[in-house]
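Sharing a structure here in structure tokens format.
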């Protein structure tokens, strides 16, 4: 997308959007007649948020969720990159594994969580394993595409100037593959967040997702809303970190739109 | 149709900095006149054409066609051949040629027939069902010319329409197109980088200076149109050619000191 | 090469099943937890005759369709509006992109609280998931409309409706296709997530019930059946997309968009 001058209306419009959201919420509570048991009032939610923030256990839960996502993401990245690289080495492997990775991509892995609980229990391990598996496929697929589509002219240059196969891998293939790899890693990061948090909500004993599920099942609506806000903040921090990691220094500050 | 360009200036503003593309252009074209615009790359030729067609409003000044000031595009009045062809890649060639007619509500039967005629004139009659992606650059340019001619406009605005063609094709096309243009008394503004093309086709050649674009000089070509190919071999032609060559050289800003005609440049 | 690749893929799948069977047979992993391929196969054939499963499939299918329609209609309208106005895009694209990459499941409790446990919240949640993705992709598709093609429309005096039909729509078609794919995919995932989390009916609910009763074979048979359907749908969609947007010279690059960006 092209760069455009930022319109002066951008911030007023955003304020308007936020205002509308708050307005609808307040209307629901007041004239709309929605029970506060179902839709807690804004002050009650803020109060619950303050309470949560003053408790050490909240930070502990956040750290657990954060750690699970990070571990799942790192494992998936290492294995995904290695698998993509390995599978792109010969034309036959490429054709075989490209389809298999796409299948893994298309599979609604989010449904498979019960199997992970049965195998790994309801602890931290099952979240990490589950998150890693679902982030693996997008990373592997995109790395495979990346390594497979290195421009032939660049390889010719490498050959002509006598690069060894090791040099070709690290000086030619890797740099030219980086953009696609990084988009795969971005999608993988998203996938590990989605799966880990949902796994925590489904069956676990710790973490912010667990707290959210617990509060909502015990109809503690203000606390549940507070957890949603905290989870959004956590996701924001994680997304920021991923952007920092994956955006080349010279491109920082530009808005990059990826439609995934 | 008669067209006059009165004191036209165009200034682009982008991210705080401004670019003066055109400055104080004054020209007038009589009906049926063929004018060629020559000038260094980036001097504002395309910008001027865009203003003439009503796609852009000049920062200053106005363009008058007939009795009215040009404010909006109207392909029946002035039709474009864009520098980058801009064919619609999802439509086949026949539909691309007829796109303006379609917008004007002309029925399918008539549209197709007219488009086919023009394609024949352009030497592309077998390509009607192909898509632009399958054509070479020069072929796409000819489709863009056909698309403009299909509107039967009073004024034809062509931005380097034959830049990608070989000399031979260009000449043979030139003959058929110039016959049509002369018959229909169309006013033509042609932007080109080719001296030969300008002299062979135009009644008047305008030389523009480097940015900000101004009219630096103009040369009348008195030979009646349509011209025979032999014109190119005549003494007159060679003289005009070297005259224009020197002017263009000045316009490029070479030989600055030696030339008092060179305008002040920013 | 093509047949070799086909044989290769089958070989990989068969090898996977074989490893699974052998690992459980020699008790290296507990078959209670992961079942065995043969047991899953048997459970699958039984499932085809089980009315409970068939009605769950029908109800989930209906929910997905409804969620898809609602979500896509909302998303297409919102995305078109955002794609046509640069100001709106600038104002709301960042929050929407954030929402898109946020796990939507964290909002599930809100839907359950407001719509109750059951089909309604599954449909509404699925529609919400779909709408977010469709909006972004339609808006991004509209950005593919090139200025020079809009210039042609203007120069040749196309009316507003003609511009939309002759220029905007065809240019945005690849984006719209991707958007529809995301609509289907996320309506599907959304409905199943909602059912899995808090509902005892539908396929999601059934999977949870089977898992809780430690019927691993049935759980897996159902999951694999759904997965199989998802893969088939995705593959068909990819072919369709490539075919309908063939005029693009770079259709090879375009063909991968659906899978590369889910």
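Order of writing sets the labels: A, B and C. Residues in every chain begin at 1.
Heads up, the rule we're going with is that a residue touches a chain if its C-beta (ideal position, glycine included) is under 8 Å from a C-beta of that chain, and two chains touch if they have at least 3 such contacts.
These figures come from a predicted structure and were not determined experimentally.
J.: What is the shortest path, in steps, from chain A to chain B when you may only step between chains that touch?
T.: 2
J.: Does B-C or A-C have more contacting C-beta pairs?
T.: A-C
J.: Taking each chain's centre as its mean C-alpha position, how far apart are chain B and chain C in Å?
T.: It comes to 50 Å between the two C-alpha centres.
J.: Counting in whole Å, what is the centre-to-centre distance of chain A and chain C, each centre being its mean C-alpha position?
T.: Comparing mean C-alpha positions, chain C is 17 Å from chain A.
J.: Under the definition above, what is the set of chain B residues touching chain C in their complex?
T.: Contact set of chain B toward chain C: 53, 55, 73-75, 79-80, 82, 84, 86, 88-91, 99-100, 102-104, 131, 133, 147, 151.
J.: Show me the residue ranges of chain A that touch chain C in the complex, using the header's touch definition.
T.: It comes out as residues 1, 4, 6-7, 9-11, 13-14, 17, 34, 38-39, 91-93, 95-97, 99-100, 102-103, 105-108, 110-115, 117-119, 138, 141-142, 145, 183, 187, 190, 193-194, 197-198, 201-202, 209, 212-213, 215-216, 219, 221, 224-225, 227-228, 231-232, 235-236, 239, 255, 257-260.
J.: Considering only the defined contacts, which chain C positions touch chain A in the complex?
T.: 1-2, 4-5, 8-9, 12-13, 29, 32-34, 86-88, 90-95, 97-98, 100-110, 112-114, 136-137, 140, 143, 175, 178, 188-189, 192-193, 196-197, 204, 207-208, 210-211, 214, 216, 219-220, 223, 226-227, 230-231, 234-235, 256, 259-262
J.: Okay, in this complex, where on chain C does chain B touch?
T.: For chain C paired with chain B, touching residues are 148-149, 151-159, 162, 166-167, 170-171, 173, 247-249.
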